[in-house]
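Each chain carries a letter (A, B, C and D) given by its place in the written order, and its residues are counted from 1.
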Amino acid sequence: MPFPATAVVPRATPRHALAEAFDAVRAHSCTLAAPLSDEDQCVQSMPDASPVKWHLAHTTWFFETMVLQPCVPGYRPADARYAFLFNSYYEALGPRHPRPARGLLTRPSGQEVRRYRAAVDGAVRRFLDSADDATFAKAEPALTLGLHHEQQHQELLLTDVLHLLSQNPLDPAYRPPAHAPAARAPTPLGWVDHPAREAVIGHAGGGFAFDNEGPAHRVLLHPYQLADRPVSCGEFLAFIRDGGYRDPQWWLSDGWAAVSTHGWDAPLYWRAAGTSEPTSFTLHGLRPLDLAEPVSHVSLYEAAAYAAWAGARLPTEFEWEAAAPAATGDVWEWTRSAYDPYPGFQPFAGAAAEYNGKFMMGQVVLRGGSAATPPGHVRPTYRNFFPPSARWQFSGLRLARNL
Amino acid sequence: MPFPATAVVPRATPRHALAEAFDAVRAHSCTLAAPLSDEDQCVQSMPDASPVKWHLAHTTWFFETMVLQPCVPGYRPADARYAFLFNSYYEALGPRHPRPARGLLTRPSGQEVRRYRAAVDGAVRRFLDSADDATFAKAEPALTLGLHHEQQHQELLLTDVLHLLSQNPLDPAYRPPAHAPAARAPTPLGWVDHPAREAVIGHAGGGFAFDNEGPAHRVLLHPYQLADRPVSCGEFLAFIRDGGYRDPQWWLSDGWAAVSTHGWDAPLYWRAAGTSEPTSFTLHGLRPLDLAEPVSHVSLYEAAAYAAWAGARLPTEFEWEAAAPAATGDVWEWTRSAYDPYPGFQPFAGAAAEYNGKFMMGQVVLRGGSAATPPGHVRPTYRNFFPPSARWQFSGLRLARNL
Amino acid sequence: MPFPATAVVPRATPRHALAEAFDAVRAHSCTLAAPLSDEDQCVQSMPDASPVKWHLAHTTWFFETMVLQPCVPGYRPADARYAFLFNSYYEALGPRHPRPARGLLTRPSGQEVRRYRAAVDGAVRRFLDSADDATFAKAEPALTLGLHHEQQHQELLLTDVLHLLSQNPLDPAYRPPAHAPAARAPTPLGWVDHPAREAVIGHAGGGFAFDNEGPAHRVLLHPYQLADRPVSCGEFLAFIRDGGYRDPQWWLSDGWAAVSTHGWDAPLYWRAAGTSEPTSFTLHGLRPLDLAEPVSHVSLYEAAAYAAWAGARLPTEFEWEAAAPAATGDVWEWTRSAYDPYPGFQPFAGAAAEYNGKFMMGQVVLRGGSAATPPGHVRPTYRNFFPPSARWQFSGLRLARNL
Amino acid sequence: MPFPATAVVPRATPRHALAEAFDAVRAHSCTLAAPLSDEDQCVQSMPDASPVKWHLAHTTWFFETMVLQPCVPGYRPADARYAFLFNSYYEALGPRHPRPARGLLTRPSGQEVRRYRAAVDGAVRRFLDSADDATFAKAEPALTLGLHHEQQHQELLLTDVLHLLSQNPLDPAYRPPAHAPAARAPTPLGWVDHPAREAVIGHAGGGFAFDNEGPAHRVLLHPYQLADRPVSCGEFLAFIRDGGYRDPQWWLSDGWAAVSTHGWDAPLYWRAAGTSEPTSFTLHGLRPLDLAEPVSHVSLYEAAAYAAWAGARLPTEFEWEAAAPAATGDVWEWTRSAYDPYPGFQPFAGAAAEYNGKFMMGQVVLRGGSAATPPGHVRPTYRNFFPPSARWQFSGLRLARNL
């Protein structure tokens, strides 16, 4: 696991456990930012990405807005102007700074944002130490949500840093490896059979889950096979070398348009894929391509094209969840399922209603988790989602076939 | 039914029945084009729309390419250059004229396209009269597909003409009504209960269906209610007057962005919606808004926002098909289902493989049919699809609720 | 001279001479449109171009608005809605149809526009026959301006038709040549010396001139040489073959950006310039490149790059006018002068004030005239102007050098 | 004078004077950057602007490339990769980092750039101390050019910082004023008569000048009046309050399009112009509008519209230079002259040939100088230039009239 682990967010939430998790999660964000200069943390490399400093401030604003303001009588925000600057997309919470302009915020400085974090951390800890049980019970869902929310931003922070550094002709590494990774031998691909059955899909209670994971409901599954590991870089390289990026027969229509428009010819961070020495730009800098490693930073379009070329397809999110493949820690896996609401879906109450539901159109579900996901953050019912053209996430694929 | 009926395409296809259907369908396209000048037929009003002349030529090229060239020995195309001009999106059939430039084709003239149609019609009729049974059997699937394909373009022709005429400050009518429509009294909205059950969804054989309608498969349905008619213009007007287009709480995130970017404040062809005399631009010209009529020309985003405001939701395409509401002849109904492949989906064989499958991403299913759909063209299993932002189709909505 | 001549617009304007000129100029527009179908006349190939039908209607609206409405008591416009449709850019005359949407006007039809022309022509002729001398004197400047205005649109009509037809993969010819042009031997380029002097520049009275041609004023000229003919296609081909389009040293900064962005590698209508059989798309269709002919359809950027490569430069408009080169009937010649007002410039009075002055920024002066310019339309003081990136005009260049 | 003065760059260049000027100019850049954090110095607020860090590095690269590499045998660049990162627009010097991506360069860090400056400064000083006279003579033109070049970037640095800070909702001040400026009484506008004459325009030798200032040449001037000071904020406010931004009659065509497209309704950094308490965002933060101060941050379009409204016009650059108005230290003054080459213009030799000449199209000349211009940098012959739409410069206007 290349990045330091944070404590697992507890699914049961006695007060002291929540306090420990709060400390651990909040500290982990700072640990992730530590190798970066204030300049690195300030810049926004594209509208889809956010500056590290913004992630650090936004997650803090979330606790301030969802926990401290509703639950601490007389609480005054650290800076009244931050509600405008660090609201991400909550229309109900008022106007906000435009997303593509997040990188213009050289003020507040990195130092001021760190002070902001410390101030809010102190206020939350004082609240946890002093609140009566009823008030704590009222605050607990938002506190827990805030921790899971911050963990999501921890992964985004790393994806956004990787994108920023990849734009720099100097090829800077976020964190150099302690030593060169040993070359691993590729494992042959195996298949696991799944007969037809009625499966229960979604989160059934017991511990935290996002609203989009529920309600649990029955789904009919038709017989299928699922690969026993994600597609590797070596396998994807064979697709490239077979002309996969130049043959429209493998591609969805919008995918082929994206290939033609953007000149895609390899996963986002690959370089020299057409040579005998392909490399990949990673958080550890530019490295020789590891053929045994799961392919990452591909769009849904590339994932689906590869699957078609390989005589297979992507699994639905239901097939994926029912199979619950064991170790998926390297890459998020694109499914063939649109990010639609489950039958009977109910958004979170209050301001958090905008957390997930309003994005349920035009996006595709990814399942699993990645090397950049904080340990303990994910569950088999977890639904990640991005537009089909997104490539800057740690996104790969696993093959499925009809039985 | 405001537009003249064409013969129903037969589901069984004895040769003489197919010949009759061919004559009827081909003639119907010309009937639809007849009220329009060559100028009207030549212009393209936006990249999503095509000129009428292009529809007339493209459907002809389809028969030439899919039927005559493979099945008539020695067949020579009417004009070798038309394969480039009138291929819509078939990558396997070679390069093609760019879609947004279809309106630049003042040549071939309208007259030449009509001659092209006549030449191909004659060749097909000679083929039908003279082919031996084995050759006919080989050609029959493509012939049948070509007729359904042409019917789809008959509806597109009308949607595209309506869009073109709507851009003209002179408000020209495609076809004036024989008399002013009688004002209808709005019917109160009723609900039909549907208990939980396992339904068979998709086309199970017997007659023609598009590849995207199959295979038939079982789906679990959770208990729901479905409205007994589409939402009316009067009901949608109440949403507008309640400020529905100005309140983000009802809108999907991308929908709210579309409202803000494009300044949407009513369905596409409504005018003066904020006044006491709202009107609608139709194929019959500009008319007072008929409050009893189903609302049309709304995007998925507007449909979903209306449903949220009304305390309901859109049905899934499975809920819709299982209920198979009786009379849906006025508008296509947006469902809440992404246009995904059914389990075990297999595209058509050959060049027609690109007909449907490659569009299965980023689009939403509509069910039903509209006043512009040729009679007999649709089935309960029929899946129409458009991007969620599309408004120039005859698209409305029907409400659903959880039971 | 490839296109039929119209009568020269008289510089003195006795009433009968003006009437004759009116008939001749108006008829010439119809003659130019005659080889085109109504479809050809309706379509707009890019926002900078206008449909032929629009040119025919706009020039008619000009007479109606500038002559009939002010000078004929009780005159009622042929169609009150045309003022909105056919106003080009006169802010003082009220709102207008957006320029990029001119091609959507399938109505009024070509036939209706021809009737519009006939109605206005009749009204103008009746006015000319019956007006008293004082009223005629009041109308005369606008009538004369209207004729020169229509002649400008006659050239634009041809440039826009050429652009439209060039977009059609069928390579249709506007008008086939009676016979293939004889291959001409290129003439060697000669230079004419011009010593330093004080020249009078601009129109000094006597006959019609546009407001931008005055007032006449003195300008100091430094010694220079001017080529005795425009640059030929053969000479420009040598620039291409020497890599001229790939070497930034010859280019203005914005020109190099245009080359890189648009992939320019030859004049607009040249094809296969890199082969041994280069061709050019012309109003007579696709023809072998005539090496002796002046190069045409180049931007100011290409003209300036060629001149730099040839060790020369473009002349200023003052150098050009002072030299007044004899036969320049083939191409407009880019000068190195921005289209700035002359000292003491006064716009036309009334609505025509917007005719020229408001465009005096961001444009470059061309001098001379082209094969598409109506005979008698130009003068040595005539200032044509286009943005430096424009290529769809009949625009070439003549070299100058310091003495 | 709000910003600290640097030593005047000497026009004669004995070695010790050049060395002193080098020290002073180089130090001044660091002084200007000093109030800014590394974050402030790293971010790019729009493609037209550059990060402060980039200005600091680019001016250093200029000395390294134009002086050290040609003149110091065996000189090795401080970092070979900087030639790619910090080349601005010199095509002849090889490929370069794209301008709009300058803000992504979080590496090299601010600290590394400061070290780069120190290293190059040391090398230049060693060169100045040790070069023999012939080598010094060879290097002297590029050294002198480098100093004037750096002074130009000193002004750009301030314009770009102002733009960046103006985008921040926190309204940060670059440098707070020592005390609030005293309210000045507006001076009445006076006019100075200039009879017709033949003037010598351009730099005639004696001291440094940019290539675009020469050669000196004679120009005929027609009689005119020039205002004795620039237009003030109070005067411009009257134009706004008279509806000047809403009336097309005052505007050039492209200017009116800009007003309509961008919604301009006041100079770039004015706020609340329509209220009784208008403010302006400045390098000293947000301040009440000073009515006596020259209006600044207007485009050529706004300058020309104001002049038309005031019954006047902008001067030509020749009228301006011939009058050489005394104190123009507050704002650059738009002229009505396109940035065209003077008769006989010769670019600098070598790589510096791209310094000015290739931008002589599509730009307009400004004369004078601003509060952000380093003292001693400008001359009466100095030609600044920007596109007519530029508003982020310290650009105002002075009125002229025909006599």
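Here, a contact is a pair of C-beta atoms (placed from the backbone, for glycine too) under 8 Å apart; a residue touches a chain by one contact, two chains touch by 3 or more.
Note that the structure is a prediction, hence the values are computed from the model and not measured.
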Ask   = From subunit A, what is the lowest number of touch steps before subunit C is reached?
value = 2
Request  = Could you give the separation in Å between the centres of subunit A and subunit B, each centre being the mean of its C-alpha atoms?
outcome  = 38
Key: Centre-of-Cα separation between subunit D and subunit B, whole angstrom   = 58
Request  = Determine the centre-to-centre distance between subunit B and subunit C, using the mean Cα coordinates as centres, and give it in whole Å.
outcome  = 45
Request  = Going through subunit B residue by residue, note those that touch at least 2 other chains and give them in order.
outcome  = none
Ask   = Classify the inter-chain contact topology: is it line, ring, star, complete, or other?
value = ring
Query = For subunit C, which residues are in contact with subunit D within the complex?
reply = 89, 91-92, 198, 217-220, 222, 248-249, 251-256, 300-301, 304, 316, 336-338, 340-341, 343-344, 358-362, 364, 388, 402
Task = Note which residues of subunit B are touching subunit C in the complex, please.
result = 37-40, 42-43, 45, 81, 84-85, 97, 101, 103-110, 164, 167-170, 172
